[in-house]
Amino acid sequence: MLAQVGRYTFLCLVLGFFALPLLWLATAPFDDTPTVTASLPRFTLDNFRALLDNPYALSSLLNSVYLAAGTALLVVTFAALAAYALSRVRVPGRDALLYGLLLLSSIVTGTATMVPLFELAFRLNLIDSRLGVILILSGGLLPAAIFILKDFMDSTPTSYEESARVFGASPLQIMRHIVVPLVRPGLATVGVWAVANVWGNFLVPFLLLRGPDKAPAAVIMYTLYTEGGQADLRLLSTFSLLYSLPVALMFVFVSSRYGFRFHGGIKR
Amino acid sequence: MSAITMRELTKVYPGGVRALDALDLEIADGEFFALLGPSGCGKTTLLRTIAGLEVASGGNVRIGERDVTNLPPGKRDVAMVFQDYALFPHMTVRDNIAYPLRIKKVDRRSRGSKAADTADELGLSGLLERRPGQLSGGQQQRVALARAMACHPQVFLLDEPLSNLDARLRLEARTFLKRLQRELGVTTVFVTHDQAEALALADRIAVMEGGRIRQVGTPTEVFRRPANTFVAGFIGSTPMNLIDARVRGDELAVAGARLPLPDGAREQVTDGERLVYGIRPEYLDYSPTAVPGALTGEVVVVENLGSVSLVSLDVPSDDTGASDDAPAGDDTGAGRTSVQVVVPEGGEPEPGDTGWAVPRPGRSLLYRDGNLVTAAAGVPAPRADATVRS
Amino acid sequence: GGSDEPAGKDAKNITLTISANSIVGGKNSAGAEWIEKWVIPKFVEAQKAKGVTAKVTFVPSGVDDEQYKTKLALDLRSKGGADVIAVDGIWVGEFVQAGYLKPLSDIAGNQVDSWEGWSQIPETVQGLGSFEDKRYGVPLGTDGRVLYYNKKLFARAGLPADWQPKSWQEILDAGAKLKALPGVTPIQINAGTAMGEATSMQGALPLLVGAGGEIYKDGKWAGATQPVKDMLDFYTKIYGGGLGDPKLQQEAKGRDKSFAEFAAGKIGILGEGDYFWRSVVNPKDGIAKMADRDTTVGYAMIPAKQPGAGIRGQDFVSMSGGGVRVLNPNSKFPAQAWELLAFMSSAEAVKAELAGAARITARTDVNKEVLAADPMLNFVAEKVLPLTAYRPPLAVYPQVSVALQEATAAATAGKSADEAAAAYQKKVEGFVGGPGNVTS
Amino acid sequence: MVLILVFLVVPAAWTIYLGVTNYRLTGLAAAHPEVVGLDNYTRALGDERFRTSLLLTLQFVLGSAVIGQAGLGFAIAFALRDRRGPLRRVVEGFVLLSWILPSSVVAFLWIALLDRDAGTLNALLGIPGTAWLLDHPMLSIIVFNTWRGTAFSMMLYAAALENVPRSHLETARLAGASTWQQLRDVVFPRIRGHVLTNLLLISLWTFNDFAPFLITAGGPEQRSEILPVYVYKVALSGGELGFGAAISFVMLLINLVIALIYLRMLGRRKESA
Amino acid sequence: MSAITMRELTKVYPGGVRALDALDLEIADGEFFALLGPSGCGKTTLLRTIAGLEVASGGNVRIGERDVTNLPPGKRDVAMVFQDYALFPHMTVRDNIAYPLRIKKVDRRSRGSKAADTADELGLSGLLERRPGQLSGGQQQRVALARAMACHPQVFLLDEPLSNLDARLRLEARTFLKRLQRELGVTTVFVTHDQAEALALADRIAVMEGGRIRQVGTPTEVFRRPANTFVAGFIGSTPMNLIDARVRGDELAVAGARLPLPDGAREQVTDGERLVYGIRPEYLDYSPTAVPGALTGEVVVVENLGSVSLVSLDVPSDDTGASDDAPAGDDTGAGRTSVQVVVPEGGEPEPGDTGWAVPRPGRSLLYRDGNLVTAAAGVPAPRADATVRS
């Protein structure tokens, strides 16, 4: 019973630890003079009104949605196909390949790759195109996505697919009818992960997209600083809230709809 | 509805395991055929090779007139029910049953009604909108059968379809399955490692060991005249008693007793030869008093089997001292052998009593080097294709 | 040498693009608005009058200068980018070295040299857009650095309301008096790496020139020279002597905080540019508004170490920077791009850009008009700009600058000036290709 | 696969090539980059700043990934293992939220939380003036990154714990084992594969994590300048892309070493299984 | 070695499932006691509550003299073997067996030797250095037993220890287990849903349903005189025939036939009363020719059970038309009932034949509202604590 008390205390501490930083996000946007302290706001919605006046704020969220949705779709589709192939086919060196890609992806997401990425996009005529951003972001996210999904695939029994094969289903049909629904929580997890990554990514869309009409929220957020680099806390806090809401909502939706967990788990 | 013919069928797994070893087998049209054998003997592999889920390493498989050895599974016109049923957890029962039709591009309306019909036949009508997770084991099994039936295949392949059910349900499902197969008349191959299931259900049984077939025959043939000690030990709810014996003129010296030689065995054995004497516990009659021509020993365990009991007698081994070629598993210690006897209700002894076990005439078997020697009257000799390749 | 007749000179349909690190509703919103609402319509109209259909677009952005620079470099490198580009004057040199920019007259022909504007832009200010004696861009404006002080605090500390220190020692003396006031940080001279370039521009470099040193002179970078040591020594005196808040220098948002503290009357003396006056404590729209700015905030020129010890023998010193607009050498319509650039730099345009606000522009004619109303900016234009100095527009400068910032951080943290200077020299030698390029 | 090849392998290889040049974004070296061979590497290895940065990164990975994320993630998963219902959902929800929020927002939240004068934490603790970010920069970013990334470990361990048969734990309980003994004897050996995969991924991610820059900018005085921040400063602020690329490649090699260490441990498990 | 006493034991799971319902039970010192019942009846819950792995919601549990209701599992001095054996895969057999001793802080040397001794007793000596993954199912089961034995507990709790073994191995393990328990004499509670296992092994059996105990008794009592139709249907390798019947004077009208009333039943029933007539298939004798006092019908299925066959007769239902209180599960359709008969070898009919089934005297039972009415001679009446709570 002492253990129970200990466990609850621990969980409350955890809850506090994780909730505390979020407090500011909940109060500052509604405060007419926000400071860096989370405090009971003098309630106002002016900040939202001010933000609505910004010509790019809302459209940038939409841009973020495009990019995130596109990337997530691409990553989930390709990662699912690749993970399925890797999980079902025994190729020597398969794991080494996977680890190699995973390591390379860590370079590609770093700062030093920006010139090659830019030149690549330039040569492929993908400057100022959302597709370019989506492709480049996908390239960086795919290895880890494959890695995570492969373990999901490994943990689904082959008898489902074999059963479908006996009925004459083609590989694509098996994928569509059986595998995808079965690993749906995994796909959802990877999708959310990809979206969260794209949502926060600044450098790639900034470098590749011209002009704020296509710029996602991560880029627009930087515009809310002044000439001297000072933050306008009123707009910034409000925008932060708006900027966070879509991912939070998506997460709530996905987790209630598909379950958000590694069922079976990632292992080797 | 077709016969299945396998010739020299071999399957070697990538790791080098030879799961099927140049196996020949014919399964007749409409037959309910059981594959029986211990774990790892290759039953599932054989089934999967028929289905096309494994590619044969050698030999061929014909279904009806067609050589299907190199056809993909979807083109063989077979249906398979897996041990775990492999019901798609994300589809309703209706969608599960209709799935093969969906693959065959039957339009939505008519596949819905066909699924409903099939479900009806198997008493699943009320469950069409449920998901597999909401069904009991027995219901799941029937859904799996319904799905297999839905596209009217030529051959049914069932991999241990009953082993996930609990004991009571298994009995019901057994009867149900048998009746169903009889009505549909589809050639059915059925894998099990439970001999009782095989005996109760099958028209014919193949007993496998190590990728080979040790005997093929009707349940009665296999039960009464196991072609070798392996089959003898495997078939029967209690294993056959297998005891070292030595021919002594017209009689047999078995565990200290003198028993008559089985009918017609005299010509096939030589005097003084060492053999193994086999008799089922069901074919031994227990007597609390001394009888001639009986095995005798102390009662050590009495197990209640319901209306009968299984009595284990501790008999002295034969003094021929042939312990090195004694069949494994039946000695309890040096110089002693356990003999099991089925005793009907009312006659059960107590542990510690001394008892006598009298073989019923015509039920004794003799094995030389593991293979059956005697051919008793009334039952045909084991088929040619069931003899063991060395 | 460039061609006299740039391509597409007589085109009837032209498209031009402007880019700047400003955006409506965000960073430098007014500037962006000016381009969108004033420059473009007016220019298109003017072209129409000439029978040319012009389509001009503005590509705004609003990010850190470093990121903006990176993006420009990538664009120019791949022969893309806008036709008229606003850049920081300090980037000109490195862009030129990288081959990203060409002299204006090479791009747009002789019309460049005959532009009326040049005569309105003082030679020193033109230097912002020049490199190795060639003009690469037209300056937008410039600024100067002063010492701000809080008159109320000065009064409480018994210091005069119109303070003008003549040497570093006098600053320290004033600080010592302010120290007596509770809850007041006497002096804020930016230091350390967290403040970034603000440390160099508002602290290290003005002090360095005040001690008679230049960071880059005659092809060599200043190493552990005496002026560098003097500069660092001044830091140790402030932060070691309890006259400044060393913690503040380390905070990521330290500069913002120094503004807020000054506005709240918690800092006595603050070294900053005129940006501080215009945009920070501006009672109208500053980010740290001071309703009583005009009465409370005093300003003084930055003194040399001792009178006469500054560069060029000056008594007072300053540092300046500023933006320029350049032409993209890959422009399809270079001649028209120049027209646009010239138009944007015309007196009329510059006035429109200011929209009534006061700021020091590049043009003397405009300055005369607009600064009259603002004594502070006038003070800078009249008194400070003639004394000012610029940073070397070279690619390694940012690294040297960081090294300088690190040296101030070390001094602030209590290292001796000699130690800090020695470490600094070692780093600089690493960047600029060995001791041969460093004076010590 | 083509996608991976074009958008992953090509830029990566290009970066590695840049690593042997003195390429910069601007200035003379931008116009005529020269191949300088391994100079960048010798320079990096000889650079004290690189070495401290590496040391800090290792601290960061050890503190925030191995101890922080994996440890806390496991503890949460273990505490929640047989809980259902709202408590579990709320705890998981918050943990996951901190994982998916954009890092620029999150950075703000933490700056607000840890601010010296007006920070929420100091207000709560009643100790205004504690400069967490200045006095304990590494601790701050370690705690921050723990906060940020625990969700992944938590999910993974929650799944792993479901794979630990209840009967095994109960056998240990019947023998009288304490919670700690159960963890040691039953749980850890069982989820070792998960632990190692988890460590591999989060170490990799943490090693390349740039978010701390948004909080401390590597300061004060480079006391929290982990390698990604270092690369950022070298490559973007300093413009030395060639050198930055070289350091990136060194980072890849270190990642590889870490991965190999983990895989060795995994391999040992396989042998013994 | 201690008796176990449960009083009013109740377990309600958080979800509200009442898995144990005020259950009273006494298990004698040294007894081999089986808990039998269908899936979900609460067997595992009862076992786990004894072990302390579940906290009782009400009532108490005593082991020997101690009330252990609130003791943690480690302090109850019980050992449990789980269905999956729960062997730690990362430890060798030796370490597995020694694990409880390690927790009890026995020093390394002496726990090594104790483990070796225990392994010896169970014939595991050669396997000490292997890991569980390298053992067969039967060996794993013995390691689990050895681990449970190693710390000499007062009580053994076994949760379906045999259900993971294949059919053949299960028989061997059964005999082994019985012998072992006899030697050790430890009070053993054994959960199974397989009635054959319970009958064969147990000294006494408790049959459970829905968290309650429906009957407690020796295997013979439970087999021959099930206290209610639930137990009757559950016990026996083939379920008991349960047929609607009506008392007609001194006789019973059953499925169109007139049968004599069971001995001593006359006083307990009234003329014209509707009852359920129960008789096991083993206690019906098959006759191919008409016999008086027999049930008759067409042979529909013949299942081979080895030395005997199970014949299903399709008999007309009793014309009393009492279909609404007929026991579920035994009707095949309107007006017809299936009656199963065990037929010994040689006498098997063919499907389609007409056959007669003659009840053996003294083996018929009568149930009123599901509960046993008749008390036949020779077998004691069901115990008091086994009567059903309403």
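Residue numbering begins at 1 within each chain, and the chains themselves are lettered A, B, C, D and E in the order written.
Everything that follows uses one rule, which is that contacts are C-beta pairs under 8 Å (C-beta built on N, C-alpha and C of every residue); 3 or more make two chains touch, one makes a residue touch a chain.
Protein names from UniProt, one per chain: A, D = ABC transporter permease subunit; B, E = ABC transporter ATP-binding protein.
Owing to the predicted nature of the structure, the values given are computational and were not obtained by experimental measurement.
Student: Ranked by contacting C-beta pairs, which pair of chains comes out on top?
Tutor: Result: the chain pair A-D has the most contacts.
Student: How many angstrom lie between the CA centroids of chain A and chain E, rounded to a whole number?
Tutor: It comes to 56 Å between the two C-alpha centres.
Student: Can you work out the whole-Å distance between the CA centroids of chain A and chain D?
Tutor: 17
Student: Going by the touch rule set out above, which residues of chain B reach two or more other chains?
Tutor: none
Student: Can you list every residue of chain D that touches 2 or more other chains, as numbers and ranges?
Tutor: 25, 111, 236
Student: For chain C, what residues touch not just one other chain but two or more?
Tutor: 67, 70, 74, 253
Student: Please list each pair of chains that are touching.
Tutor: Pairs of chains that touch one another: A-B, A-C, A-D, B-E, C-D, D-E.
Student: Could you pull out which chain B residues touch chain E in their complex?
Tutor: It is residues 38-39, 166-168, 171, 174-175, 178-179, 193-196, 199-201, 219-220, 223, 234-239, 280, 282-283, 301, 303-308, 310, 312, 342 of chain B that touch chain E.
Student: Show me the residue ranges of chain A that touch chain B in the complex, using the header's touch definition.
Tutor: Residues 90, 157, 159-160, 162-170, 173, 177-178, 181-182, 184.
Student: What does chain D use to touch chain C in their complex?
Tutor: Residue list for chain D touching chain C: 24-31, 43, 111, 116, 131, 133-134, 215-222, 233, 236-240.
Student: Give every residue of chain E touching chain D within the complex, in rising order.
Tutor: Its residues touching chain D are 48, 51-53, 72-75, 78-80, 82-86, 88-91, 99-100, 103-104, 131, 133, 147, 151.
Student: Given the complex with chain C, which residues does chain A contribute to the contact?
Tutor: It is residues 53-57, 114-115, 118-119, 122, 127, 206-207, 210-212, 219-220, 222-232 of chain A that touch chain C.
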